[in-house]
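A quick write-up on the structure given underneath.
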Amino acid sequence: MEYNLLKGKRGIIFGALNDMSIAWKVAEMAHEQGAVFTLTNTPVACRMGTLNDLSEKCNAPVIPADATNVADLEEVFAKSTELLGGKIDFVLHSIGMSLNVRKKRVYHDLDYNYLNKTLDISAISFHKMLQVAFKSNAINEWGSVVGLSYVAAQRSFYGYNDMADAKALLESIGRSFGYIYGREKKVRINTISQSPTMTTAGSGVKGFDGLMDFSERMSPLGNATAEECAGYCITMFSDLTRKVTMQNLFHDGGFSNVGMSLKAMTQYNKSFDTDEIDTMD
Amino acid sequence: MEYNLLKGKRGIIFGALNDMSIAWKVAEMAHEQGAVFTLTNTPVACRMGTLNDLSEKCNAPVIPADATNVADLEEVFAKSTELLGGKIDFVLHSIGMSLNVRKKRVYHDLDYNYLNKTLDISAISFHKMLQVAFKSNAINEWGSVVGLSYVAAQRSFYGYNDMADAKALLESIGRSFGYIYGREKKVRINTISQSPTMTTAGSGVKGFDGLMDFSERMSPLGNATAEECAGYCITMFSDLTRKVTMQNLFHDGGFSNVGMSLKAMTQYNKSFDTDEIDTMD
Amino acid sequence: MEYNLLKGKRGIIFGALNDMSIAWKVAEMAHEQGAVFTLTNTPVACRMGTLNDLSEKCNAPVIPADATNVADLEEVFAKSTELLGGKIDFVLHSIGMSLNVRKKRVYHDLDYNYLNKTLDISAISFHKMLQVAFKSNAINEWGSVVGLSYVAAQRSFYGYNDMADAKALLESIGRSFGYIYGREKKVRINTISQSPTMTTAGSGVKGFDGLMDFSERMSPLGNATAEECAGYCITMFSDLTRKVTMQNLFHDGGFSNVGMSLKAMTQYNKSFDTDEIDTMD
Amino acid sequence: MEYNLLKGKRGIIFGALNDMSIAWKVAEMAHEQGAVFTLTNTPVACRMGTLNDLSEKCNAPVIPADATNVADLEEVFAKSTELLGGKIDFVLHSIGMSLNVRKKRVYHDLDYNYLNKTLDISAISFHKMLQVAFKSNAINEWGSVVGLSYVAAQRSFYGYNDMADAKALLESIGRSFGYIYGREKKVRINTISQSPTMTTAGSGVKGFDGLMDFSERMSPLGNATAEECAGYCITMFSDLTRKVTMQNLFHDGGFSNVGMSLKAMTQYNKSFDTDEIDTMD
């Protein structure tokens, strides 16, 4: 699908780790659509090496940076502008991490230092990135910024823990800064709320397999894949969506607006077809 | 719980059929809280006789009326005002019916005459009731009107059929007329979106048992009962909620804001603990 | 912007009237992007003649049809499939009309025959079109259907009258049928909630100029134009958005998520810079 | 209005400062309705002295505490339980503060240490309070917790700054913990999204007068006062709303669901009745 939808556009892609990452797929597709861009991730992630494959494939320089560090972000925008030969047209924020999840601290026993880290990495980094870009005037008029989110920002999902609150904060930052950046510089900011996706990050969430299955059966079109998410991101970076801003856009095969599907209910009802007596306690 | 929350208030309750009805429970509790009111339902429903028990118990006159008929509604408001000795303070709309559901016409094979009836009975009757009340100035300042709805207005539920669209229309009418009635007469209008409830109407929906179980396990507080719904209605009729209007209020044990609960997921996962090979088609 | 985004795709566009119409702009852009399609509107609208200009320009046959008439709709799908040489890939529904608005019947004095017409033309026609397409299996897998809506479906706008309820019903039908059509045939259905637009229809709404100005100042990117809306529709018809379904997508320069903007507040505050004493009654 | 709605109930009220505070009004009304409770605020706020008047009037002990400090919160719950003679039935969280607002750091020039404080004080304190209560099992079954919020959590309001993000986070915490606390202990958690209120905190927001006027004219019932908010809180603490949880409840005279009102539009249009030429830039 080479439409040249992003021909002549310059971008920055945060958060590609390996070929399961949504950000990785976005990079591949942005390249295919004629964009030039830089890639950035934490120094640790960059040292792991796989990012270099993507860098070569897309002819995209890698700039290691800690997205919670303002100075690092300043460097990302300065270098990207320099390397790509002009101001930026699109930015992808695909960053999220919870130490509470990793360390198995449940939501009613959170470690508050971990919570601060969750919010800083997964949400406040979005504000920092936008503020740095805004102050250095690094994004062109009608530029487009996308952050990746999940429906747990609206509804509680067992095991998603403090990432739910981080995503709610991320989406709010998208709206708040979207108002400012739109008003002042005609830059649009949206979040895409993606189906559960079997990335390295996703697979850390408790009971992820069951959730993926339930979500698949609840969604009339099935779960959206990382590749499909990349396609949607491309449309949001293109000139065809210039007046869409401050929105949270569900890319989930319909999941967000299904209360109960035939397929999920059929599967659910199978759970009672056994000899064991079922008690709800 | 005799708080006298509705002492001195006059009301009209639409839609009580038998002691499983939410409207029935609202009548009992309104009586307990010191209100006087009339009861109304279709002539057929009134002839069935059980409504007379409620009428006696609550000392509440019954006025048969077709809620889709403007002249009948005019009579309901005129007679109620006369019988109760003054203008009305609260109104409950608990009316809904789909011939498509009854006649097993699925959503992609709707009979459009039936659809018109569904919308007329389940949603437009709400507008007619409000317009009649407004034109005859039958409701006191700071009066309160509540319509009963269901979360299918926001999310698709397998088998709920054209009632989903009727509920969406009902909620929109609540907002639209709530703006007008608030501005002109300080009357508030809200809808309460109730858990699936085992009423005579509810039990007509396909696969209702499975849905009740799923909903129970998804809701951290469990499904809300008809009695509990009555309690919530009473607070909305009381003077303590005068500035709440144009809202759709979920009364569902939390269901509306849960994406996946531990209990429902645990039950769902049991469906795979069998010998049969599961294929998703 | 010739990306060939719709190359090889066949469509049906309902509701183009003149070159101010959003549907007109969608037709022009779909043509530009490589699609073939038919145009349809009421027999009266077709006789007015301007549609022929569009037809010639886009090499798109015109099929007169009353969108509330199932037989007419069957003909539209049958003829379109025949004329375009295969099943349909995309459909635009841009239809709305209220006799209550036209005849200046305010919302608390609705004529119920007019209301039935409003709902039939503006919302139920969407269901009829989808049911006809579904039964005749006229849409390809991964086809895309878009209906145009307005934020009045969520929030009350003075003067928008019963069209608010019609749009709420339209959006609900989009969700309800989106679930079914997705599950059964992988077809996606969404509504786009567009800024107030100075079309022939839009200009009929009371106080439209003031609303346009307010909306312009509230929206950080300004109101979205008909052309821009066409661009967004194109992305929704393309293969890049295959997993987006059952959504209501705001295309409004950010309006829907702004509570109060600097520009609108500044303008609003000017209203007090006068000698006259302001009293709020 | 002595209904004895809270007879026999024990509570904790966070955030009363002076007789303009919503928390102050909640305390007065809770006392009137038969509840016993403790009051808590920061040591600084407690030293200012006015809180003692409320304490005497309601016979409610004051416990100074920093709501961001877990040890302080543990003391609040331990002492309250001891002083009131049993477990807690209701809690009000009415706490919010932004140093970015106070120090006039605009949203695109946030100080990130201030942002962390804003989030800690205005949102994370809600989690800390709930986690402390949960771990010490300090709240009775069917207890009720309410946090106060504002519609800026959903829509951008000029000048509300990082408090918008804090309120979004607060509401998310309400949902997330509401799921857990409901599931484990039958405790319900909701947020009430209140009209702009002329409290000491509210009056710090830039351009608050204009916003109050606009909000008043947009809301069909006018802005909700602090007293009225107290009434709504009382219903949420009562036994009549036991199955309402994880909700954000708008208490705003209808504001949240109005896009444009006749009164606000009329006032807005006056801004153009001047000699000066208006240019939108």
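Labels A, B, C and D are assigned to the chains in the order they are written; within every chain, residues are numbered from 1.
The rule we apply is simple: contacts are C-beta pairs under 8 Å (C-beta built on N, C-alpha and C of every residue); 3 or more make two chains touch, one makes a residue touch a chain.
Nothing here was measured: the structure is a model prediction, and the numbers come from that model.
Participant: Degrees of rotation, nearest 5, to put the Cα trace of chain B on chain D?
Facilitator: Best-fit rotation on C-alpha atoms: 180 degrees.
Participant: Relative to chain A, which chain has the most distant C-alpha mean position?
Facilitator: So the chain farthest away from chain A turns out to be B.
Participant: Whole-Å distance, chain B centre to chain D centre, using C-alpha means?
Facilitator: 30
Participant: Quick check: how many Å separate the C-alpha centres of chain C and chain D?
Facilitator: From the centre of chain C to the centre of chain D is 40 Å.
Participant: Taking the mean of the C-alpha atoms as each chain's centre, how many Å separate chain A from chain D?
Facilitator: Using C-alpha averages as centres, the distance is 31 Å.
Participant: Residue numbers in chain D touching 2 or more other chains?
Facilitator: If we look for residues of chain D contacting two or more partner chains, we find 155-156, 158, 175, 178-181, 246, 254, 256-258, 261-263.
Participant: Among line, ring, star, complete and other, which one matches the pattern of chain touches?
Facilitator: Here the contact pattern is complete, since every chain touches every other one.
Participant: Over in the complex, which chain D residues touch chain C? Could you list them?
Facilitator: 151-152, 154-158, 207, 210-211, 213-214, 216-217, 254, 256-265, 267-271, 273-274, 278, 280
Participant: If you look only at chain B, which of its residues touch chain D in the complex?
Facilitator: Answer in residue numbers: 1, 3-5, 175, 178-183, 186, 188, 195, 219-222, 224-225, 228, 231-232, 234-235, 238-247, 249-254, 256-258, 261-263.
Participant: Mind listing the chain C positions that touch chain B in their complex?
Facilitator: Where chain C meets chain B, its residues are 70, 107-110, 112, 115-116, 119, 124, 127-128, 130-131, 134-135, 153, 155-156, 158, 162, 164-165, 168-169, 171-173, 175-181, 184, 246.
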